[in-house]
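Going by the order they are written in, the chains are A, B, C and D; count residues from 1 in each one.
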């Protein structure tokens, strides 16, 4: 089983999700610059969700780069991840139309949390299939980003429910920034392996 | 005729269908957890349709894996399958806005039935093109899942019309579960063939 | 310049167009079988547009199969074709909401006519790039289907304007059927060339 | 890191953007030819945005053709470009519903300006990764089109704000035409290099 189609299908779904959100943005009612003000938070939440989907696509890209054989388990773990990602435009929209009120803001965190869990499951499936000398296992190392993110999401959900939703939103932004900082683990491991092969 | 484009086009269509359905989900009107309750059946039917489209994508992936040469007949049989699959978001939506009433629930089954028939036709076209020693024919064996599913759909349509629509919905879920249970027929046949070639 | 991306981009656009149309289909207002009656013409026009897009994808697939080098002119001729195809869901929708009245039915024909013209231009660009022994030129032969279709579309536009719109619709269906009849020109020419090469 | 997925993902996003805009076009309310008149400016702005997205896809295609190794920086620069492109349907729609009034017309220019900037950044990343003998650097030469376009966009924004929005729209059309004029820099450089290799 080649990985071409699992990549193409995931690319398709994430490309659609990232562009669907623009459709959700209602154009401002007036034509003055002032009419743009209420659109600003909507726009910023679109930027945040765009970033999250971009981060997922980027990491998915890197992770699948280490895969050589696709198993049936991976296909389902991947669909499971895409399922939670597909809810991101929905919760972004719900949060927007309600001006970031408690429950929708908490749900935004819930979908991010479940996406992180789904990503971990897919990662686990790939590592399991690669056996003892798994490149992916080597590459992610202690995976502190992967471990700390779900905890931050849970914290943000609690903050959102306890009426400090701006703190929750700040946490969502913070986790995105953590992931945006270049992470060359997989690239480095692949380079090291290449060099060893040549050197051997 | 390579199979690259038939795969890419099918991936594209199924990726769009699976994500379109999220657009159909209206965000809850209120912002309390209670406002989510009416969304739950809508959400569950979205999960069910997501699963069905995921199953079709998965099986399509495996089936095309056995194809080496794409014929004109396959292209049309594939478009016919995509046509019925493209109606799944429509019937899911119709069922949702009417709270799973009789006729829409029966139509949901009808679209699933026609999709199953279209899948069988495509399968038949591929087997025919592979001739006597068809790998796909070998792989699907007696194809009891493929044979039993349309019967269950017809049964569910009858149940939906006869006002026992919850039984119909249970059947839809049941058939999805049958297909979710890992089915390693094609993978196993391919492995056996590989081993024989090496052994020969 | 490889042809991979021009194929991928066209596949993406046509896949989106073919699925967008389902979104345009409004679910029936009631829940009885009778409530489906007004949806039937809408459904049939969706089937017709699905067929047309399917035919274009199919022919595009075959035509690009003969291409080895993509030129800048081809890229633009292809975008021009995609432009007119992208208007098919729009005119289908306009025709539907107005119960197939004169002007929208004529415009449906106009978009089909322009798509056929755009397809001819792309075909011409490819033949020109292949020079004297163009495989595509050999394959399409006299191209009577390509020549007769625009004439039928023009005829249908006149019929639609002259209040005999059902005759116009019948013509649209008729042209689709002409194209559905298997056309093995490209496949045959490619096979003949293959045989010659082996024989030589 | 191969460039297959960055191409596939970009193709997907641009294909969706280019087709989403059709959904934004509301069908005319009446059925006479006269009812089409108010749709004409909407249609023309759709054509303009279609052209811009087509130009970006075309140039992206050529630019990535020179890339051999994809870096993490390129992935993010590419996502940044896709972000601004994804706002084109939004500003097109805003401009349309307000009959090309001042602020929306200026914002249309702003999104075009930011897209041009994002494109330059991606171009810079690629040139940097290719080192001293960068093929892309050689191919774009002085890049006068790339340098002049943002200036024209800024000028158009000023014109739009100063109530001469038709001049602004004319400038948007003018820049599109500049880019439509065939530009064989990359093709020529690649051909020259090929000839040298063979000759050497």
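Heads up, the rule we're going with is that contacts are C-beta pairs under 8 Å (C-beta built on N, C-alpha and C of every residue); 3 or more make two chains touch, one makes a residue touch a chain.
Small disclaimer: the values here were computed from a predicted structure and weren't measured.
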By mean C-alpha position, what chain is farthest away from chain D? B
Chain B turns onto chain C (C-alpha superposition, degrees, nearest 5) by 90
So what's the Cα centroid distance for chain A and chain B, whole Å? 27
Give, as an integer number of Å, the spacing between the C-alpha centres of chain C and chain A. 38
Expected list for chain A, residues touching two or more other chains, is 8, 12, 16, 23
In the complex, chain B touches chain C at residues 1, 4-6, 8-9, 12-13, 16-17, 20, 23, 72-73, 75-76, 79, 82-83, 86-87, 89-90, 93-94, 97-98, 101-104
Quick check on the complex: what are the chain A residues that touch chain D? 7-8, 11-12, 14-16, 18-19, 22-23, 25, 27-28, 31-33, 35-36, 47, 50, 54, 57-58, 61, 65, 180, 182, 184, 187
